[in-house]
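The structures considered in this document are given below.
Below are two complexes that have chain A in common, paired first with chain B and then with chain C.
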Partner chain A sequence: MKAAPVAEGSLVAAGVSATPRRRAPRLDELLPRWATFAPALLLMLGLGVLPLVNLLYTSFHTVSWSGGHATFTPVGFAHYASLPFDTLLRAGLGNTVIFAVFAVAGQMVLGFALALMCSRVTRGRMFYRALFILPILVPGIVIGAIWKLMLNFDFGLINQLVELLGFEGRNWLGDKETALASVIVVDIWHWTPFCFLLLLAGLESLPQDPYEAAKIDGASWWQELRYITLPLMAPAILVTFAFRLVIAFKVFDEVYLLTAGGPGTATEVVSFTLYQRFFTEDRAGYGAAMAITIMFICALLLVMALSVRRRSEPA
Partner chain B sequence: MKRLSHRLGLYAALAAMGFVVLVPIVWVVTAGFRTQISLLTGELLFTPVLANFTEVLFSKTSDFLVNYRNSLIVGLASTLLCLTAATLAAWSLHRLRWPGWVLHVFLGWALVFHMMPPVALASAWYVMAREVGLDNSFAGLILAHAVLNLPMALWLMGVFVREVPIELEEAARIDGASTLVLLRRIILPMIAPGLAATAILTFVFSWNEFAVALTLTMKQTATVPVAIAKFAQDYEIRYTQMAAAAALSILPALVLLLIGQRFIVRGLTQGAIK
Partner chain C sequence: MTHQRGRISRRQTVAGLTAGLLGAGPTMAAAQTKVAPITIVINQSPWFDSFRKTVELYEKETGNKVELDVNPFAGSLEKQRNSVRARQGQYDLLIMNSGWFAEMYFGGFVEALSDIDPGLKLDPDIFTLGNTVYFDAAKKTVGSGKLMSMPISPLIPVVYYRGDLYKEAGLAAPQTFADLEANARKFNKPPRQYGIVQRGARGPASVSFDFYPYLYGFGGSVFKDQAAGDYSVALNSEQGRTALDYYIRLSREAGHPKTASIDQAEVIQNMVTGKAAHVMMVISAWSQMDDPTKSAVVDKVEFAPTPHAPGLVSAPGLGHWLGGVAKNVPDERKRAAVAFLRWYQTKPAQMATAMAGGIPVSAAIYREPLASERRFRWMKAMAESLPHAVSTLSFPEAGEVIPILELGLNRAVAGETTAVAALNDMAGQIHAVMAKYGYKTGTLPGLK
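Presenting the complex of A and B:
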């Protein structure tokens, strides 16, 4: 990353002016250091670490509230042991994986195709960028509300369009067969513009020389894509894909309004399962065990995503 | 000739995409100006009415204005808190010769934290907030939103802080500037655009946040997303009012987008992969 100050290799620099790396810092150095770091550190320790420790503790207990006071009854690993038999959680995990894979794949393919097309468009850039950022800035819950209306059986725009094309309208969100697919389509609508912007930024930062060489050699459009663009873009694509996947795993807001996990368990996703068990049923202990497990899965996914990044960026 | 048709194709694709992005939003905003009957019959031309908006904003049964105020309070306070902490820490970590492991552990943990599902974090905060009596208070939600956005703010401010030429800082030091003077006179003016980008994003994400707000608030402290979710569930058939509420809730993001578009693009694309 950062070139060391003595990297130039000058003996003079090393001998005279460079500060030795390992020297005990003085007080007037330590004070500003800690003073500037402390707010963030305290915030993260107090609200990022402590609650998780507390959650871990809770997960080994059954909690009952009475008058603002909690009674913790230790149960050992009982909550964790019963997790694998939770049918709702199983459905949630399965659906979340399907949701994440298809939604992110759809966003990436569409986003990349559009980025390829638009990488040479120079006019109106500000305008379409503003336009494509819009969905990212709309609250997830409002996305849910918008599409709940759009997909409404009686008057929704989607059914109007479908009927205009001569097909029969469907109850998209109320039908077991189309509910999850509808939620995936909504997510693709929500995040494709974002993938597009990221991949476009990647495309625009590619070196131009290989393309000029290819042009001289008379390469076709397809060859250019296959042998230059794709290999050069592969790291960016992989990294974006991996990280979007982890983020898609968090889906909650849209599902909450669109289908609330239904019909049946057709659109049950892990975050929603957790919400139901923890808050709706008020089972803090069991919910905590589930939360810890879900976090663990997310951390595993993240480690995988990071190893993708490391492998795709050889020092 | 081929170039021209090629170019036209590009613009057509862009326009189609823009159309797909825009239609649902425009459709909902217009639905907010319709009467229920007009929406149900699906007529294309309609005389716009303001009834839905006045109903959502000023009716006795609606708390929307209160929710709006709550969202503003939480958004502004958490943004201020988050940005102060993140900017100072980013500068500290990148410029004050911390041992390498401190930087890596802290930023690494921030990444892990950022990837956690908000509902899981909400459950953790809920247990704590209830134990110390901070549930149903602004303080709990403000702190939660501040720490939720802290990782993103840390990376973004890290990028912007590192863009300040180190020679400038050294020169100021040699001239005898204290840390406070250095921060105020040199760093702050240099990172102001980056700070604006991060502030806009932090505010918008706090404004949009639902899962944590849902679990840490009650009726008096509910934010806009919580109110919309409640509205959609309680009055499932008041479609046009739901549309009006949705339109009103996008307003701040829209205004910020118009003001700070350039900043937002930069912030979003830089913060995404880092």
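Presenting the complex of A and C:
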């Protein structure tokens, strides 16, 4: 049954709220709600919040081991205060920003281009989809092995091809000029399917009416893309971008497997610095402070990206 | 003179293991007491396969069960830390690297072998590897005190060189750094062949481990007198500068053009493919050199102790592995782990290790006739080197110092910074670490 249309302006003018005021729930109504919600809440607190609280607590201590027992010595904000002076972290932050910007930009452009092509293909669509998502299905360790071999200076396939074309081979992972770029290329190869999948899903859910109208109006392919597809896809693009940016900021496996942060600090990234400080050097307190800081940066990035998305949405 | 092919066949291995068993005698019989099953946590090194075969022999001989938990280098350390810090440990026998055994000793995570079995004595032929098997918990010093562990693999670097090239050129094995440089330059014909391939990459213990024989061989050191508890940083001494200048010069003028990105796997790769005339590497890669399925230089590689400056001796850094028993496991499993170690130090077990492609920890094996066999030609270099091997970082915070060395040395090799700046920078950082933990430390005036 349809409600009779109400002129909102008349109600506001009469001092009546447009939305009916809600009645405060009674205790007998609240209890069942909370009883059913509590297990999920406790689980979330246990699995999500408690480890974070523990990490935060550790970040204000120095942890040492003696006689088989751990000793937590409070140090206040000392670990946080020393973070800006950590040369490895500074190098890592700079490289991570470069890595995240270039890798995600490359993946977004390629992923979107592939999604556009795939959305227009009528024959063999499943084959192309399977082909394009293949890299994301390969385990990180295998990707490391594949690219380490391909980029090897002495025996790598890339240098063999380069030399076949008459150029001199390069030490792609070992020269500070090319090492980070090489890792970015590997990351683009690895993660473009992620962007491709999300953007393809977005493209396939777009309404067809605007396209039909545009066709009638004689719009070109470029005009369709510029004035219909991109504006309609903006929310999907921004969400994909935000997720990829956060994931790119956390890059670890590719750097660990391909360059171990070298040569020098050319491919040092924050996650790798954190790994070294926390695990290799066994500095749990300092590592925890670094982890909290990196988490904060990641959260900030996500919030910024999502707020941009909200602003881009039609009112 | 006929030479045996270097590769050890399956038949030879079985024959060797059987010979080991037959020669076991009463020692082996004593080890046949049934004990609880144990779990050993170990890393996947080039010598692991020989250790696995030796363990299989132990199981076959005694009927005791041993489970091996095999991991990458860093993963093994992490698993050991997690296990020893738990209320009850998962691993009974920890195979600890020279980079972290001190952490286990000082942290109180391993139990003295002599406390578990007061009757256990270290066989006099077993190398004590800078006495790193001993620890004095009261004085907090490595090198004296109770027997805490048993050597498992005595890894030190030696020079691998192309004997065929040397023979052709009428050269003798390099003894001094001058010899090595001259010979490396002579054979440096890039890109077909490099005079030397060094391990200059940054890693868990890569370029620093590669650099130690140069540093100590030139008379330098990381600390002034670690054994006496003086942790004054001596890295940026004149000897340190000479060593690093030499290391860098060798890489640039007679070495691989991409030394800064070369790790152990690439060093081995260059040697077995015939692209390297020299490498300095742990001896555990020896069996690959003579394996025709892996090597293009079968029977062409010779071995020598790492070079030294005139008037000094070869001084390779220890990169050895020790077996220690976790404190937080049931007593019966501790005793079972000691039973394995007691067996492992016997001559037959050590002979079996050698026959399986491993590196014996018993001097007795190096005196055996097999040491003069062609396929074991590396044993002479090992036997000469081991008494001079240097224990580089025997304190629990070594894990903080190694990354400083790795980054600083790698940057110097890559040309990101000068040798002097790198040495001064590393010295400053290491001093800060040692001061933070309250060690007696100091610094040298910065190199100019």
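Annotations
In this text, the second predicted complex is superposed on the first by the 261 of 315 C-alpha atoms of A that agree within 3 Å, B and C clash if a C-alpha of one lies under 4 Å from a C-alpha of the other, contacts with A are read in each partner's own complex, and residues count from 1 in each chain.
Just so it is clear, a residue touches a chain if its C-beta (ideal position, glycine included) is under 8 Å from a C-beta of that chain, and two chains touch if they have at least 3 such contacts.
Because the structure is predicted, anything quoted here is derived from the model rather than measured.
Residue contacts after overlaying the shared chain place A:L173 against chain C, while chain B stays out of touching range. Applying the stated contact rule after C-alpha superposition, one finds that A:F155 touches each of chain B and chain C. Once the two complexes are laid over each other on the shared chain, residue contacts for A:F279 go to chain B and to chain C alike. In the superposition on chain A, no contact is made by A:A213 with either chain B or chain C. Greater residue coverage of chain A by touch, when chain B is weighed against chain C, goes to B. Contacts of A:V109 after superposition: neither chain B nor chain C is touched. In the superposition on chain A, contact is made by A:W65 with both chain B and chain C.
In the superposed model, A:L134 lies in contact with chain B only, and not with chain C. In the superposition on chain A, A:W147 makes contact with chain B only, not with chain C. Under the contact criterion defined above, the residues of chain A that touch both chain B in one complex and chain C in the other are 65, 68, 70, 152, 154-155, 279. Across the complex, chain A is touched by residues 9-11, 13-14, 17-18, 20-25, 27-28, 31, 39-42, 81, 84-86, 88-89, 91-93, 96-98, 106, 109-113, 115-121, 123-128, 130-131, 133, 143-144, 146-147, 150, 154, 179, 204, 207-208, 210-211, 215, 224-225, 228-229, 232, 239, 242-243, 245-246, 249-250, 253-254, 256-258, 261-262, 264-265, 268-269, 272-273 of chain B. Residues of chain C that touch chain A in their complex: 74, 77-78, 81, 84-85, 103, 106-109, 191, 201-204, 257-258, 260-263, 266, 269-270, 273, 275, 327-328, 399-400, 402-403, 407, 410-411, 414, 416.
For chain A in complex with chain C, the residues that touch the partner chain are 65-70, 88, 152-155, 171, 173-176, 179, 259-265, 276, 279-283. Taken in their complex, chain A has these residues touching chain B: 25, 29, 32-33, 35-37, 39-41, 43-44, 46-52, 54-55, 58, 63, 65, 68, 70, 114, 117-118, 120-121, 124, 126, 128-142, 144-150, 152, 154-155, 157, 160, 189, 193-194, 196-198, 201, 236, 239-240, 243, 246-247, 249-250, 252-253, 256-257, 270-272, 274-275, 278-279, 284, 287-288, 291-292, 294-295, 298-299, 301-302.
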